[in-house]
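Structures follow.
Two complexes follow with subunit A in common, the first pairing it with subunit B and the second with subunit C.
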Partner chain A sequence: MIPLLRRRPTAGQPRRLTLSILRCNPADPASVPHLQDYELDEADGMTLFIALNDIRAHQDGSLQFDFVCRAGICGSCAMLINGRPGLACRTLTRDLGDHITLAPLPYFELIGDLSVNTGKWMRGTSERLQTWIHSTTPVDLDALEARMEPAEAEAIYELDRCIECGCCIAGCGTAQMREGFVGAVGLNKIARFRLDPRDQRSDADFYELIGDDDGVFGCMSLLGCHDLCPKQLPLQTQIAFLRRKMAALGLR
Partner chain B sequence: METIHTDVLVIGGGLAGLRAGLAARKRGQQVIILSLVPPKRSHSAAAQGGMQASLGNAARGGGDNEDVHFEDTVRGSDWGNDQEVARMFVHTAPKAVRELAAWGVPWNRVQQGPHAVVMDGQRVTLTESAAAHGLITARDFGGTKKWRTCYVSDGTGHAMLYAVSDQTIAAGIPVHERMEAVALIHDGGRCYGAIVRNLIDGRLLAYVARATCIATGGFGRIYQSTTNAVINEGIGAAIALETGVVPLGNMEAVQFHPTAIFPAGILVTEGCRGDGGLLRDVDGHRFMPDYEPEKKELASRDVVSRRMEAHIRSGKGVASRYGPHLWLDITLLGAAHIEHKLREVKEICHYFLGIDPARQWIPVRPAQHYSMGGIRTDAHGQAYGLRGLFACGEAACWDLHGFNRLGGNSVAETVVAGMIVGEAIADFCASPDGDMQVSTALVRETWAKASAEFSAIADNRSSEDANQLLRRMQTLMSEQVGIVRQGDQLAAAVAELEQLIQRCRQVGLRTTRAGANPELTTAWRLQRMLKLAQCVAYGALQRTESRGAHFREDYPRRNDAEWLKRTLATWPDGEPTRPRLDYEALDVARMELPPGWRGYGARDAIEHPATALRQAEIEAIRASLGNADRHAVQQALMPYRHLLPPHLRGLNARIGEER
Partner chain C sequence: MTPLNPSPERHDLLAASTAETTPLAVASVASRAKPGKSRWPARLDLLQSLSGLLLALFLMAHMAFVSSILISHDAFYTVARFFEGAYFLGKPYPILVSGVVAGVLALFVGHAWLALRKFPAGFRQYRAFVAHKNRLRHGDTSMWWLQVWTGFALFFMATIHLYQMLMNPSLIGPYESADRVWTGNLWPLYLLLLFAAELHASIGLYRLALKWGWFDASDPNRSRRRLRWVKHGLSAFFITLGLVTLGAYIDLGRAHAEHAGERYVPASQSAPAASGRH
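Presenting the complex of A and B:
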């Protein structure tokens, strides 16, 4: 379920917002991480995308952050919003207090200020977990496509909706302690390909990929991932299900 | 200067670039893909509603085939497109969908038996055949005779992008992320790669390649109100323009999407209307049938957008503090349909508007959406002007879309063009044409020139502010070079853009920052975006007719007699503030479908003298062939299959139509 908006009355003077942004530039050896405050007037319907671009256009052109779609679908703009991982583009300032603290996602390599290198980590994880359809059946482009039950296609899409934003990793207790942990994003991908009849890998093959403490057995079930996932993916049940399947295989 | 060598350099990590790179890699070429952002974050992911391909599996898609898709596409383009390219496209689109299915895209499938849908405001029951059960289904989209748009809920682009991106990972193709091509290495006749800026550390590198392919998407960000992602600034097209020898085609052909949420400009899919959603005005009145009695909400995008703006101007808009808007009503589709088939729309409405679209109407107004124009290429994706330079996807003017593209045809174009152009790139590399002798002096000089451009901005402390000029350009484009255009306003826009182009050369920075300073990036890009904006505005000023999305109030008729031609904009070195425009005629005598009425919109085109002749010729050919099958008739009218790579020439299977 999508959480309910916490609406505030919007009558009267616009609020004066203070954004405290954690700044650091790894390209500059002298740069020390520090919070820098920016003030601006709130506008109707203001998102953190609008607020940050306003600051960059009018106050500080050197501020680094990442947005692409600005519509909540591409996963570029995950950051710590008052300490909690979330997508900045679709976070409305009216749901936050007058003082907003923004910091880059932890765990990922810092590019600068609020920008982190999730892309590099996600590509590495994809390579490690081989997140593509494994099939030896040749594709005849001229022939009718293979049939699939409509409900099965919808079930695959449910897990295919991950946008690799990194919120689940940023909110993961295991990832903080175990650098090689594939996280909910990785486990969800395995669950997705495992569900897909076009992928010819067996559970034994998947066990090779996630049957250890960097995989499904590393998860401590704190489930910050499940609470934080901006796409409301069913991470809790998928991880539990995978663990049961993999444990059964491991005990065999 | 660090130099990286490769066979193929693909600039752009969206669907078109990834698919082209994959095709070239599978032919044994070494490929490197550059991307501004991690490729799965590309704007391709924003394609919500679906991809057109004439599979004909759904009940309302029955009888669909390449011929119907072809005619819809040509009519949609307002006869501005290249009909051979349209044929190549409609023939390959079913293959692309099927390939993607094999790669894991969870296309929605046909469920046999009766199901309720909303059509024209009424709830009706359709019955799907048992023979089609489990095959890929389709929804309705604007400007199409059949339900042809294959979809994955309303996350089609996302599912496609992830599947193709995962294939490039499987193929081991390196994607150099956060890299921006800033200049093409060329000698005026051949392209040798690009100078590339690392957007993390700000360094410039040289990528030397035998073939270079630009697939950087559109340039919507030259407009203030756009559905485009923030990375769609058209820099790929701009660096091609900078060569002075590569023309950009039909830059004035800019599409406005009818349903961007107001005022944020975020897209809600055409699938909303395809699935039965209605447009309503301030009185709650459904106004589209008043203007378009046949296609109603599902006329082509240019027509619907224009009707909406006209309706607003007639005083029927809903007033708000940001200006007037209209309503999109999908409440009649029901909560269950929205939850399963329009869930991104539901999320967008929830997060950005705080409304539930199953119960409340969505405020919408047209916003810039798609660039039909771009780097002009031939049918194989080879750019005009420079050997070894290719382009595909929205960055290119391949010219599938002419002056208006149909919904669902662009995300289809990305993969189809990627498949075709990627093969052409591999062919090029495998032939003597692909050999090259590049001068290291040329590489060094191009690098030095690019480096000097960045230094000139970084070292400038003048008060000319890039952000201010950028906002002025965006406002100007939205207000004066928008949906409804007028000669005086266009002339004023061209004049002001000339001033902005002069001023942007003086832009200075207010901040310094080690690495890639975002302020420097903005200032550098602004100089290029202004030139693109000028190509759009100047092209629009010169084109004294209305065609597709280019609507001139002072020249409201489509004028085939004088304007059945493609605009080619080049920017030679000597031209300070305007491009040079040339025109390339479209040959009526070779068209399979000569110009006529689209079936929606105005019906008052000024006829081309050759149209009647060609029409008679076509009728004679058809008559002479008698009962020949449709492929033979098509072949006699306009052969195109020789233009396709051999493995894409086979006929497409359909239920009820044996191969």
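Presenting the complex of A and C:
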């Protein structure tokens, strides 16, 4: 889990860290993107989330960034850390050098500085991919829920762990080139609902949603998503599985 | 085609779900009034993979045949005549080689056409990908870039080679090929072609396995590490074998340069005086 307690703190002087943060405020027409340096002393077990809050509290109240849970659950603190997508609240400064560069996730709408509107894109993707249970069976609120095999529930839960942080999109070369691409987060959601016995959609229905080059066939297996997902979702195997199922429809 | 028969009650549900309010809470099986999505993206994806796989398998077999020169001149001579059908048709028919080359060429053009869809389209996409790749410093992403460039280079280099084989199918043999390599000045092309083709094919096979989920172990990262080793191994093996083989043709071509153009006659058929062998 969190490698918080793994390395022993070094005795003596704390390190002096420099955080170069890409700043830009789209709401202000005069604002131009630029890197701004902040210095601070490293503390034991410091995460980037702690460092950023320290800077905002003591050095620059105008710095914009997002966080909610500070525990890798809400998915709002994703940013480019030395160029690679990751969660600020799950990244320890001691795993990084003295000089740390932070930038907002590319691809998503910029709100300001490190804050991007992943929520808007995720919502749009959910609607486009219809990521909810589709069933014609009337719901009886008084009846007990249908039972599900524990193994089945486990498998669904494994994929349901996605926190919609957007790291997979920011890590995907295809998404950088082709804006309509649904990305690993979208494909993973389809895989999740495809597993769900309550969802009555068939593969032909799913093909309508992801059976083109903006969907599963657009993925070029670069696997940035798989390697950068902070929740370690099995994205490579899920995308390969969906690709096989969707390609099989092409043979009919 | 897909069953596209939305039942009336489903229609109502769908209408309800699309009527301005958020559809998130509405339970309705997806139904479509418009005709279903084309199946061609699925087929093209399959064809891209199939063409790449066949080309890669051909490349391996091709290397095995060509490197028979390392066994002996006669071994390569035998392989060359074999593909002209000399051993089942009584005499060699080079047109058969042209036929095989035409097949490979068709596969090659088809594959290039399909893979071109994945190239960055225009400068904006090109720049976006390069910036992304440099930022990310991620092995598989960089490897794809190498695949794009080697594929692009193959476009030109392999085409020259294929055209020559198509038009001069009878000029394949120990002296004939060695003269082409050395006296015909083709060795620089073959050297570059070797690296481009082997790198492109081994990366392609690696990505093929990941793309379709072949050889999955219980832990995807372990199977990926294994596949990466296999990929490196294939590259190293075929590039080494290719270099040694090309070296053999260069040696032979230099030794034979004064008699360039002379056909090879295998030991069993040659009268001692007529032999041009050194």
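Quick note on the criterion: the second predicted complex is superposed on the first by the 243 of 252 C-alpha atoms of A that agree within 3 Å, B and C clash if a C-alpha of one lies under 4 Å from a C-alpha of the other, contacts with A are read in each partner's own complex, and residues count from 1 in each chain.
Quick note on the criterion: a residue touches a chain if its C-beta (ideal position, glycine included) is under 8 Å from a C-beta of that chain, and two chains touch if they have at least 3 such contacts.
Every value quoted in this text rests on a predicted model; they were computed, and no experiment measured them.
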Applying the document's definition of touch, where does A:I73 land relative to subunit B and subunit C: first, second, both, or neither?
first
Mind working out whether A:H226 is in touch with subunit B, subunit C, both or neither, as first, second, both or neither?
second
Partner chain(s) touched by A:T118 [first = subunit B, second = subunit C, both, neither]:
first
Which partner does A:G211 contact after superposing on A: first (subunit B), second (subunit C), both, neither?
second
Using the touch criterion from the header, give the chain among subunit B and subunit C with more contacted residues in subunit A.
B
On the A-aligned overlay, A:G173 touches which partner chain: subunit B = first, subunit C = second, or both, or neither?
second
Determine, under the contact definition given at the top, whether A:I133 touches first (subunit B), second (subunit C), both, or neither.
both
Do any residues of subunit A touch both subunit B and subunit C, and if so, which are they?
126-127, 130, 132-133, 135, 139
With touch defined as at the start, can you tell me which subunit B residues reach subunit A in the complex?
37-43, 45-46, 55, 95, 97-99, 101-104, 106-111, 133-137, 152-153, 155, 158-159, 162-163, 166-167, 169-170, 175, 177-178, 200-202, 229-231, 263-264, 266-267, 321, 340, 344, 347-348, 350-352, 354, 467, 471, 509-519, 522, 647-648, 650-655, 659
Sort out for me which residues of subunit C touch subunit A in the complex.
1-3, 9-10, 13, 23-30, 32, 36-46, 117-118, 120-121, 125, 128-129, 131-138, 140-141, 144, 207, 210-213, 216, 220, 224
So in the complex, the part of subunit A that touches subunit B is made up of which residues?
2, 5, 7, 25-28, 31, 44-45, 47, 56-58, 60-64, 66-76, 90, 92, 111-112, 117-120, 122-123, 126-127, 130-133, 135, 137, 139, 141-150, 153-154, 156-157, 160-161, 163-164, 193, 196, 198-199
Which bits of subunit A are touching subunit C when the two form their complex?
80, 83-84, 106, 126-127, 130, 132-136, 139, 171, 173, 176-178, 200-202, 204-205, 207-209, 211-213, 215, 217, 219-224, 226-228, 234, 236-237, 240-241, 243-244, 246-247, 249-252
